[in-house]
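Each remark here refers to the structure printed beneath this line.
Going in written order, the chains are labelled A, B, C and D, and every chain counts its residues from 1.
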Amino acid sequence: MADADPPDHDQTDWLRTWIGWSAPDRITVAGRDLPGDIMGRLSLTELAFLLVTRREPSAGERRILDAVLVSLADHGLTPSALAARLTYTGAPEAIQGAVAAGLLGAGSVFLGPAGDTAQFLADALEEHGEQGTDDASLRRIAEIAVEARRQVGALVPGLGHPVHRAEDPRVPRLYALAAEEGTFGPHLRLLALVAAVHEEATGKHLPINGAGAGGAALADVGVPPGSVRGFVLIARTAGLVGQLAEEAQQPIGRQLAHEIEQRASRNA
Amino acid sequence: MADADPPDHDQTDWLRTWIGWSAPDRITVAGRDLPGDIMGRLSLTELAFLLVTRREPSAGERRILDAVLVSLADHGLTPSALAARLTYTGAPEAIQGAVAAGLLGAGSVFLGPAGDTAQFLADALEEHGEQGTDDASLRRIAEIAVEARRQVGALVPGLGHPVHRAEDPRVPRLYALAAEEGTFGPHLRLLALVAAVHEEATGKHLPINGAGAGGAALADVGVPPGSVRGFVLIARTAGLVGQLAEEAQQPIGRQLAHEIEQRASRNA
Amino acid sequence: MADADPPDHDQTDWLRTWIGWSAPDRITVAGRDLPGDIMGRLSLTELAFLLVTRREPSAGERRILDAVLVSLADHGLTPSALAARLTYTGAPEAIQGAVAAGLLGAGSVFLGPAGDTAQFLADALEEHGEQGTDDASLRRIAEIAVEARRQVGALVPGLGHPVHRAEDPRVPRLYALAAEEGTFGPHLRLLALVAAVHEEATGKHLPINGAGAGGAALADVGVPPGSVRGFVLIARTAGLVGQLAEEAQQPIGRQLAHEIEQRASRNA
Amino acid sequence: MADADPPDHDQTDWLRTWIGWSAPDRITVAGRDLPGDIMGRLSLTELAFLLVTRREPSAGERRILDAVLVSLADHGLTPSALAARLTYTGAPEAIQGAVAAGLLGAGSVFLGPAGDTAQFLADALEEHGEQGTDDASLRRIAEIAVEARRQVGALVPGLGHPVHRAEDPRVPRLYALAAEEGTFGPHLRLLALVAAVHEEATGKHLPINGAGAGGAALADVGVPPGSVRGFVLIARTAGLVGQLAEEAQQPIGRQLAHEIEQRASRNA
């Protein structure tokens, strides 16, 4: 196939990609020679950032990226992990299907909120950024943004967690790491003020959640909000591969489905 | 299954996981405190390895893991990348669906061969490992394994590539890295001998491909063959997130589908 | 959620389903004996309607359901069909993955509009239904609904098609069938008025599209708007199975991807 | 987009499809005018058969097709239904993802066996068909096929069910319908003999299962074995749409995941 000449298209300049291409003796990815300049030098996390932002992260940025990724990779038998395991039960020969099933639950309710928070913060900063990013200005931006959500009866992205009701333990760690690495930027700062303003306005304590803080931390190192959910998917794929390795050794899917079916039958 | 009563809660020791769980004030992943012991310390690659093998990789192992992952993440407008982009065209609001679509093509033809090669090599080593792993013994194992595949008319996993017909440029780089990091083990060694034996037996040069070498390298650092395809999926998710970030900025999916539809209509 | 004790088995009345269950000697679906009362009597279309609405369709309703389903099943090498075929190229052994990939593009841009139109019409009827459903009242509802969309700069669901710019040939047929079967109800009627009002207000002819008319026709026979996208998915699955049967016999995926990759490489 | 001329390709006759195409004023599907010749005349089941086999089914064939489809659409809280519901829990706005997740479990263990049985029977008939299809010849073919599977330690496709241990109630119904409609052909007949021969050879009663009988019945009306899994996916999509309509009204996914996570945590 490789030697067949494809048709000539003088005007097809719309069909292009920066990501990569192959020739018989070389593979180019992100404008770099894959074997010589990427393999052995960049981690997967660094390549992901490079592919999305078209620059390599600094060491500090890389540490934040990985901290966010590992914080969202997995935490046990979530709906996403269960969907992957139950899919594996029916099709163990096609692990890509089980991973895909697990990823498909990363929507508006679970995992999606990381990107929603990044977008919410980025929009607020862009709309009202003329106010500056000193603390007083950010506080004013937080007030406007929280008020706007409350007026339409919408939840404020990045706040609240069904399990971690006082504090999500990932959040202070992420804030400390960002400070340590010098990537503590306007998104994380605004999110903290959003939480404070929200509590003052409502009298209700909704802690920053790990997804929200992760989204803000990614935005602060330069991940576009539209790609934050993508980064969460990379993290989650790693978690799902772990789940499925365990399911292969120590299956729970079949018995789980059987028990659920039996219980539901008794209630029929 | 149907007539067995579902187990009583007290005895449900089958429903357990080592991967992780949450409590109001802490999150445990892989037996470690997620914020205190994983975030800021482990990369996503290291966490993936830990989740699958239940131990942390050494620095050398981590470098090999990342080298394999970046080598398989992406190389342009492959069927997998195109499927993701075309899915994004229809449902840009659900990026998890586009990533899932891209992953679903990681089967027996593309990407799957990394795991198939790891399994093929591991099986050969296990079946004939009593022969030792010195060069002469490995060569004998390679001869038996190649001959067995040829007798049933099956392809030898890990050999041949439609574009890289003389040499896949990722392969020598991966072998050099494994040597450098001291992880050059029986799987990579056996694969090299398999390629040599195959060429001698058939008179046909089929170079080791990048997927095959990647699978062997992962097996040499301790990834179970059954999880190799999973590692490829992690890598590919990173590539797909890059593809979709580009598709959002510089879309090709819609025009591509339109052009294809028009060409096919004229041939109808 | 985390601190709430999981309910005791005796009280788990939340875990129930009307859809179906199995016992050693019988299978119950939709409250009916599957072998005796469904097999040989109901078509798949009728069962789908029954599962969603909990009643069997009349003969006329069934004809409308099928007319909508066949109208949305397939029309050639769309992005959805191409995603399925390209996925099959990589994983022909897992056809469920190729079908899933094809379905995942049924989002806000393609196919999703059927459900969006049904929801838009149902919302307009519910909000302003006190006005009655005589022609004059429906026209007033159409004016309000179109005006509301235009004020926020949103497109009006169900109007316009990139190929069928004067008229979508499925639409008059669907309207005629609904009239013939006595299912020509407020959703189809309102949609026609929405198109007329939109053209008067903008001076621009945007014909009713097949997805929009299909969504309205389904709503008129009683499919809840939230399940309209689901019905489209059933239809599309049938189309994708046809596409994949052809791809298996007469493959285009591999050569297509190769050609695209080559063209993009030359533009790099 | 529609009016831009795509590039001319004199030699691209490989890029063609029989399935369908669109022009501004007409849509062609399966060589027929979609609005005039398919809508209002063919059911979705008939169109699916037409797309795969390129001919329309007779009335009797259509009844068998529907009987098989409804028999496999759903039977309650199976792993596939649970995966779909749990995915919906995380991403209710993208129902196509939840349906895809449910389909992805249609593999070698669940639902896939329908196609595996059809293939097994078709292969046996093709390899040994010179023996004729009278009862004695079919019995001989059954003996050879069962023996071949037993020699390699493989299960015989189409036999055995974890719940229906004496008899799967769908099976006698399907056999009766096939007799009634005159589609009782060599696949169903061979399957019955395979079950009998297997019981004689092993002394163990493994009844024909519904998936196996469904696969054989589809093969007898002309569905190619390679498309049987596809037909099952159409049926299953209908079932999943029913499951998700119920999940939207009466959700169980979130509480189920919560309960499972809590139980697993206590066992940690």
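To be clear about the criterion, a residue touches a chain if its C-beta (ideal position, glycine included) is under 8 Å from a C-beta of that chain, and two chains touch if they have at least 3 such contacts.
A quick note: this is a predicted structure, and the numbers were derived from the prediction, not measured.
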Q. Both chain B and chain C are touched by which chains?
A. A, D
Q) So which chain is the furthest away from chain B, centre to centre on CA atoms? A) C
Q. For the chain pairs C-D and B-D, which is connected through the larger number of C-beta pairs in contact?
A. C-D
Q. When the CA atoms of chain A are placed over those of chain D, what is the turn angle between 0 and 180 degrees, to the nearest 5?
A. 180
Q: With chain centres taken as the means of their Cα atoms, state the distance from chain A to chain D in Å.
A: 36
Q | Rounded Å distance between chain B and chain D, as computed from the means of their C-alpha atoms | A | 30
(Q) Rounded to a whole Å, what is the gap between the Cα centroids of chain C and chain D? (A) 22
Q | Touching two or more other chains - residues of chain C | A | 1-3, 9, 15-18, 21-24, 28, 76-77, 91, 93-94, 96-97, 100-101, 104-107, 112, 162, 254-256, 258, 260-261, 264-265
Q. Which positions of chain A touch chain C when the two form their complex?
A. 1-2, 4, 6-7, 9, 12-13, 15-18, 21-23, 28, 91, 93-94, 96-97, 100, 104, 162-165, 260-261, 263-265, 267-268
Q | Contact set on chain B toward chain C in their complex | A | 2-3, 9, 22-24, 76-80, 82-83, 86-94, 97-98, 100-101, 104-112, 162, 253-254, 256-258, 260-261, 264-265
Q) Inside the complex, what are the residues of chain C that reach chain D? A) 1-2, 4, 6-7, 14-30, 34-36, 38-40, 42-45, 47-48, 51-52, 63, 66-67, 69-71, 73-77, 81, 94-97, 99-101, 103-107, 112, 162-167, 169-170, 172-174, 177, 180, 224, 226-227, 229-231, 233-235, 237-246, 248, 250, 252, 255-256
